[in-house]
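Given below, in the form of structure tokens, are the structures.
Both of the next two complexes hold chain A, though its partner changes from chain B to chain C.
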Partner chain A sequence: MSLTKEQMIKLYRNLIRAHEYDTTMYRRMMSGRLIGFYHPGEGAMAPGVAAHTIMRDGDYTFPHHRAHGMAAMVSREMDIKRYLAEHTGKQGGCCEGRSSFHGSFPEKGLFMYSGYIGAQFSPAVGWGWAAKRNGRSQISFCGAGDGGFGQGRAHEAMLMSQNWKLPVIFWCENNGLAIYGDAAEMHPTEDISSLAQGYGMPAMVIDGQDLFACAEAAVAAFEHAREGKGPVFVELKTCRYHEHDIGTPDLRGDVQRSEEEIAELRDRDPVLLATKRVLDEGILSQDEIDQIKAQAKQEVEDNWNWADAQPIAQPTEEELMAAVFAP
Partner chain B sequence: MREITLINAVKEAYIEEMERDESVFMVGQDLRGGIFNHTKGLYEQFGDRIVDTPISESGMYGTAFGAAQTGEYRPIVDFMFAGFSMVTFSEVSVTTGQQYFLHGGKTPMPIVITAAMGTGGRLANDHAMSVMGAYLRQPGIKVAFASCPADAKGLMKAAIRENNPVFIPFHMGLQSEVGPVPDGDHVVPLGVADVKREGSDVTVLASGMQTKFSLMAAEKLKGEFSVEVVDPRTLDPFDMPLLLKSLEKTNRLVIVDEDWENSGFASTISARVVEEGFDLLDAPIRRVCFPNMPIPGGYMEPYIMPNADKIEAAIRDVCA
Partner chain C sequence: MKTVGIIVNPASGKDIRRVIARGMTVTNQEKINAVCRMVLAMDALGVERVEIMPESTGIVRRVRDLLGNDLNQLELVELEMPYIIGTQKDTIRAAKLMEEQDFGCVIVMGGDGTSRVTVKGSNNIPLLPVSTGTNNVFPQMVEGTLAGLAAAAIATNRVCVHEACQQSMRLELLNEASEIEDIALVDLVVVDEGDIGARAVWDESTVKELFLTHSRPSDIGLSAIGGCMHPLPKFGDKGLHIELGMSGQEVLAPVAPGMLKRVHVSDYQVIEAGRIIPLKSEYGVVALDGERELNLKEGEKYRVFFNQEGPQVIDVDRTLELLIASGAMSAIQENL
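What follows is the complex of A and B.
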């Protein structure tokens, strides 16, 4: 179950790329150059990168909304410049500029987004049902945060997935906060994955700051599902360094999160930890790491240049009315 | 022409469409045993394409919705009673209607939502409510409703072949209604209304059981008023040209809807007729709907709900 050197390099590269996209989104939102809102992912990107790097073409996915699923888009090689265009209301956006912030790349198994936390639990059952029936060893990846598991539909999805032994991965990125809601107040147990026991579902609790531990968990969980053994609950303990979404105060309950708390969390920054690991184990040299970072910056800059060059999407009312239904 | 019950006409549609297209499957609760006649025996023929779930409406609907999103399946979701679909309202209404449009028109959603629906059986609100308004309200969903076996079969076939979400319940009280159904691949296209009875004094627009009640009222009033009964068959997209053509002849309109009066089908069509056919009207439009109260049970349903007597009164009113 240990990762190959190749896998580790790919994972590392994807983390750096995802981090770079997140940084530019953050900057743009702060300077009023982004539509809608943005939920910054700094400190929280390892789980999404890990899962989606390990995933295969053909797998269905709904990534957690931290960093708007860009960890997934980057790692599944989706045409991310079209997401940048979408988020800036441009023609060529992945949703034709109609959604403000929905990511959709159906050719890569990412079908939808939603403003409703936990909306994904419902169709995740259907993706799992289809995957099982298709017989092509696909998985249905259902990403969510600690908050999303408050939804009743999460229960239904877990119940039905386990009943039918569907290849659904319940991937809980637990950062301990749902906007201001402290997970300690909102969940009766410390581990949200303790829910899985109630369904006879296997579960793991993973250090969500450790990119490679997340990836190993993904390997194990996905294999279990692909072999027809049923769903798996993977809980990643993670955190976020910024507020829930840019512009909203960074509170826990009604108390501002302290600088000390954030500083301590930054000690275990996933990029920091992953860089140390690849250097210590001789997976990558410092030169190679610098190159990866430079390439990531260039990739992100090129894609933003493309998105910025697109005209704003402003179809007529008639054109929009004609787009409500498929032919 | 052979005559069969409405519920068996729907069953024929299911069998023919599932034989025709392997990607069609059905998900609901107690389908294998069959609460209503139209799913009895389907499991024997179609096996694991008939899927029973726990009482988990959002997961049940999600099975269909997610499968449809993958582009490889055409699901039929059966809620048993239409009112139960309200348990998963955000899924059936909001998420369903917006999927195709908001996500760039790349994921057509060929999903059929069905159930028994209808007032008059003394089952009270949750089992009896007409939820037409809820589905009509949300853009991105088509809505159809049959008043006779031939239309029940034809509309269901059209709905299954449609590449968009269609809400198409069947009326509880019409299950055993017997009527002629053509042989062969009988499809009634969505968006086409039908004149069920020709007349010249007044147009009564009515669907489901209310079409039957309107025909009863029309027959009773024969000799006194010549009543044209128009069955929308599809409530959205609605066949306005056919209605306007009828009004060119009659100049008077009564709209009957078993749904609540508030913000329902009757209100929308009234407003549109005023906008698009004002000059055709010789009298104000009358709507006959369920009053804005939860549906009472007991022995109250039959006289509170729209019925032949209320339709007759409305006809007299606009013809006065």
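What follows is the complex of A and C.
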């Protein structure tokens, strides 16, 4: 159950890459070089990176929308330059440049993003059912935030998954805020995972800022599901440093979040904590860490250069209608 | 009349052992309900002030909401702390403050780890540890109302604290300079893993050696390896040092809830309180009371001190017997 040194290095590398993509997206949005909107993920990348690094090929995933699933795409080694092209309305984007921020890499088990909170619960259960019928020890990963678990679909999904013992992982990245809504006011209990008890589902609460603790939790949860024991609820306590999506005010209720609060949150930044861990335990040297960071920067730059070079998507009306199931 | 302190660990009873083992889940809602029961009992016995360590879930506010106007004279407040971080450092600081302010006792709601961290803050304040964790070897499984009565008996001087308490042994991990690196109240275990990861230890195959303050057959967790082999009472003056290997005496032990495993004990010795025993392992991770805490530094020699002068722990059964024998329960009947 413990992580190997190789796994720890891979996890760390993916966290640095995801962080680099996310912070670049933020800068591009602020300088008008992204289409649509962006939900920045700085401070919140560890849970998604951990889960998707541990996942196997063949697993299905419906990642949390934070950072637009960047943690998932990076860690599952999806063709991320096509996502960057998508986010800038270019041909060659993963949805032909028509969707703004929606990701789709079916070859890697990522079928959809959603335009509304909590849409992923229903298909995650369906794919969980398929995974069970396939009999190949696949899992169906359902990521959402504290806000998403307030949706009715979340409860239906947990009920069905537990009743039918489906290999669904309910991965709740609880940052305490649903846009402006304080989780303490929107949920009657402090831990969203206490919902799982009502469905007889095993649940655990994990420090979402600790990359390696998140990864161990993923190993434990995925194994449980793969062994046919049914779904698991994993709650990761995390945070975000920026507003819900760029351009909206950064409020808790109707009160602006203070700089002091954000500064305190940054004290437990996942990149800082993971860097300290790999250095303290001799997993990586400072030179190796610097190399990983430089490689991540180069990767991001190369992929953006590719995306920026693609022509703008200009579908005909016929092409647009061909991709719509119910106009 | 003294103030009673309460420390509640909002994170206890919820970690990875709910999935790896079949650890009991204790929701924060149930912890809040238990605190309500404690406070009501203390109010009935005339306690005037209870202070609860502040933490992120706002337990004091929630308890007050639930109790409404049900309290008579008892004032329920948050312990004043300059700031909270959301880690075990809050508990250490809270326990220190409670000792400095001469609290009568502190009720600690959590598992073995929560009690351990409380003692790091104060070894002197009488503890009433109440189980809400996973293995719950150090804390007691006691109903909140009765815990409240016992705490009140001490705080109102109806029962002498020295008669009510038993002294626990504690293990101290010493470095080469004989400085205390950390402590444990139940077990100090060296595991053969290079990472601290999700903190909780459950994999007995990685355990190299154990130091135990006691070993009861009724305990669960890694200390059960001792309990199933050479029982020693809690609050005694002897502990155990056990080495595990690939051969030796085979022991079947409940190392986690719902998890019985066979281990091979290659050697063990009974250790009298007061002795200092060197660690045989030169590398690995040290787990204290079930949680991985620190990596052994390469080349450094560590030792474990079996210190008899650990915390004073309130024996709830004994305290309540003394309380009833004092006639206090009859005398205050009109207040109920």
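Keep this in mind: the second predicted complex is superposed on the first by the 321 of 327 C-alpha atoms of A that agree within 3 Å, B and C clash if a C-alpha of one lies under 4 Å from a C-alpha of the other, contacts with A are read in each partner's own complex, and residues count from 1 in each chain.
The criterion applied here is as follows: contacts are C-beta pairs under 8 Å (C-beta built on N, C-alpha and C of every residue); 3 or more make two chains touch, one makes a residue touch a chain.
Being a predicted model, the structure only gives us computed values, none of them experimental.
Per the definitions stated earlier, placing chain B and chain C onto a shared chain A by superposition produces no clash, and the two fit side by side.
Once chain A of one complex is fitted onto chain A of the other, the partner contacts of A:Asp59 are absent, as it touches neither chain B nor chain C. Legend: residue contacts after superposition of the two complexes on their common chain; A:Arg153 is shown touching chain B, with no touch to chain C.
Shared-chain residue A:Val232: touches chain C; no touch with chain B.
In the superposed model, A:Asp22 lies in contact with neither chain B nor chain C. By the touch criterion stated above, A:Asp269 is placed in contact with neither chain B nor chain C. For chain A, the partner with contacts to more residues, out of chain B and chain C, is B. In the superposition on chain A, A:Val205 contacts chain C only, with no contact to chain B.
Angle at the C-alpha centre of chain A formed with the centres of chain B and chain C, after superposition on chain A: 120°, rounded to the nearest 10.
When both complexes are overlaid on chain A, the residue A:Ser193 reaches chain C alone and has no touch with chain B.
After the two structures are overlaid on chain A, the closest C-alpha atoms of chain B and chain C sit 25 Å apart.
Within the complex formed with chain A, the chain B residues making contact are 48, 51, 53-54, 56-73, 75, 88, 90-91, 94-95, 99-109, 139-140, 142, 163-164.
By the touch rule above, chain C contacts chain A in their complex via residues 10-11, 14-20, 22, 25, 27-29, 56-58, 193-199, 202-203, 206, 295. Those residues of chain A that touch chain C in the shared complex are 1-3, 5, 8, 184, 189-191, 193-194, 197, 202-206, 210, 212-213, 215-217, 220-221, 224, 232, 277, 280-281, 283.
Those residues of chain A that touch chain B in the complex are listed here as 60, 93-96, 98-99, 102, 104, 106, 109, 111-114, 116, 119, 121-130, 133-134, 140, 152-153, 155-157, 159-160, 163, 320, 323-327.
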